[in-house]
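Down below are the structures I want you to see.
Below are two complexes that have chain A in common, paired first with chain B and then with chain C.
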Partner chain A sequence: MANIAAQRIQREFREVIKSEEVAKCHIKLELKNDEYTELKGEIAGPPDTPYDGGVFQLDIIIPETYPFNPPKVKFITKIWHPNISSVTGAICLDILKDQWAAAMTLRTVLLSLQALLSAAEPDDPQDAVVARQYKEQQSVFRQTAKHWTYIYAKGPHREAELEAKVSQLRGMGFEEHKARVALSTCDWNIQRATDHLIS
Partner chain B sequence: MKVKIKSWTAVGTWEWVSNDDTCGICRMSFEACCPDCRTPGDDCPLVWGECTHCFHIHCIVKWLQSSQQQQLCPMCRQEWKFKE
Partner chain C sequence: MYRQKLYASLKQLFKKNTMAEAAPSSSGAPSSSPGASNSIPDEETNGTYDCNICLDIAKDTVVTFCGHLFCWPCLHQWLSTRPDRQMCPVCKAGISKEKVIPIYGRGSTDNKDPREKLPPRPSAQRSEPENNSSFGNFNMGNLQFSFGIGAFPFTFFASNFNLGDARPGNPSAGTQQHQEERVLSQIFLFVAMFFAIWLIIA
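Let's turn to the complex of A and B:
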């Protein structure tokens, strides 16, 4: 790896470890190898959002050309958000693409992702299904996002009514996550979700 | 008493006058050089943009060469112009 990339990540890593946000448990960063090329990030769901109380893990890959090109970041924890793929965890955020600047750091990236959880951009979606629900059925979206946060990110709101519907489809022999995705996609209408799973 | 000076050695110190301690691109101290250089000083000078932000010349040149679209300051995103 180029000298500058590894050296900068070492410094950034030490900076994040000492930062105020880490002390308050808002963000976390761990090394996955000694070469400083792969890291694991963690962000807390922001207050007053459906993600509140959840913990979201991120996969961070540092390119050899860092900091002249952005780090590659995706969600490992499954999440229901218009700008994050519910399938792959890929993120649509301008600073991770063409709006990257060499003065940004892993700390500012993690804080920007936290801000994205507070303020979605449904008109620039990564997941069109989630974005449609966000725009057309805001309360269903919030409930779904809370339920996903409970199931995948250790969130506090169980959303028992939604969980009962997932159990009902499981009883019909469908796999749990597939059933949850189908129900979430079909605004929790059991009949439509069943058709979706069969087709 | 008379003192005869037989020899003397002068020592000077210098520092860059910048508005920051570290280069925002490589995050190395301005008192040190960029990661590609070995000795700080004239071999690895600092440059200023019209926006007043300051970087190691090697770092800002690499950034300007790597950005595909406009040439922007990595700190404030204003158009980058070298300050004369």
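Let's turn to the complex of A and C:
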């Protein structure tokens, strides 16, 4: 069975390389080893979203039972999104679980993930904290997501106000990423974030 | 191997490509064979009859009612991977083993497939022109009725009175196996008697 998996990935790999999405730099796929079991994906943040202009890297592991079971995909790049864990990068997307179909390919998976960045599903969250913010404070969520895209995904939009708050907490001796997570979690309220970090 | 030859001859027919002569000798290893370099342009031009699962030219071809083409081994594995959710891998329409149509191309009958261990393709459905279903049903019921009564005494006698005994010899008396078999046969006799009495009363 490993044979059919490797053969198919070879074909899919060629398909992705030739696809017009690669030509337009929307998606990218790289091999990590010669056995076609581990790949690195890359998707561009879709326009008109807080992720616009960012580049998000993905870790793709092909199971031996591929394509009868879905590939294991997670974000390497840290991202603030209701359906993606801000801690582990784990993705909550139905086609990577029970809605997988054997005719889907790595190309369609990458495009689906891009679509997920455009249209979050806060009612089926992976990260409950992000999902709550998405539902209750949409503008704070957008700012936070933009900030994370700028910091971790080479995004173009700086959020100077948020950066100042992060450096303020850093000045208090907290590690930068932890400070950012605490502030993001506490809707950028410095007092609450400090309490959160201490507790 | 056969498939590759077929593929090669198709290539000759459609593309009039002299390179195809190299393909029949290929050993099936795609990386080193001379046919491998040909396979990339082939995919571009000729993907219409590729299996939607292995993305290769379909073998033991079947088509679903929703019109999607697969190798039968691929589709069978897909269906057996998720027995609770039987859906088309392309369009997610409901499908089942009974609801796929095999495709018989010319020359497919003498195709000696080495993978006979795989479950055979479902057979095509061919309905007879005249309708005689009521007669068939009657026959069926009659057969079942006579079997139920007729078989009982034979099995009863055969199992309890050891008529035409062709089984291995009884273990010698006194051993544990002998004891166990005696107990077992008594239990079976009791069950059989009970069943007989129950039949008579009912």
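Methods note: the second predicted complex is superposed on the first by the 198 of 199 C-alpha atoms of A that agree within 3 Å, B and C clash if a C-alpha of one lies under 4 Å from a C-alpha of the other, contacts with A are read in each partner's own complex, and residues count from 1 in each chain.
Rule of thumb we're sticking to: a contact is a pair of C-beta atoms (placed from the backbone, for glycine too) under 8 Å apart; a residue touches a chain by one contact, two chains touch by 3 or more.
Bear in mind that the values here come from a model prediction, so they are computed numbers and not experimental data.
Peer 1: Is this a clash or a fit when chain B and chain C both end up on chain A?
Peer 2: Clash.
Peer 1: With the two structures laid over each other on chain A, which partner does A:A164 touch: chain B (first), chain C (second), both, or neither?
Peer 2: So A:A164 meets neither chain B nor chain C here.
Peer 1: Is A:R14 touching the first partner chain B, the second partner chain C, both, or neither of them?
Peer 2: It touches chain C, and chain B stays clear.
Peer 1: Contacts for A:I198 in the overlay, against chain B (first) and chain C (second): which applies, first, second, both or neither?
Peer 2: Neither partner.
Peer 1: Check the residue A:A23 against both partner chains and state whether it touches chain B (first), chain C (second), both, or neither.
Peer 2: neither
Peer 1: Once chain A of both complexes is superposed, is A:A103 in touch with chain B (first), chain C (second), both, or neither?
Peer 2: Touch partners of A:A103: chain B and chain C.
Peer 1: Where does A:N3 make contact in the superposed view: on chain B (first), on chain C (second), on both, or on neither?
Peer 2: Touch status of A:N3: first partner only.
Peer 1: Name the contact category of A:F68: first (chain B only), second (chain C only), both, or neither.
Peer 2: Both partners, chain B and chain C.
Peer 1: Taking the contacts chain A makes with chain B in one complex and with chain C in the other, which residues are shared?
Peer 2: Touching chain B in the first complex and chain C in the second, residues 4, 7-8, 11-12, 65, 67-69, 98, 101-104 of chain A appear in both lists.
Peer 1: What does chain B use to touch chain A in their complex?
Peer 2: 24-28, 34-36, 59, 62-63, 66-69, 72, 74-75, 77
Peer 1: Taking the complex as given, what residues does chain C use to touch chain A?
Peer 2: Touching chain A from chain C are residues 30, 40, 43, 52-56, 68, 74, 77-78, 81, 85, 87-90, 92.
Peer 1: State the interface residues of chain A toward chain C in the complex, per the touch definition above.
Peer 2: Chain A residues touching chain C: 4, 7-8, 10-12, 14, 65, 67-69, 98, 101-104.
Peer 1: Please output the residues of chain A touching chain B within their complex, sorted ascending.
Peer 2: Touching chain B from chain A are residues 3-4, 7-8, 11-12, 65, 67-69, 98, 101-105.
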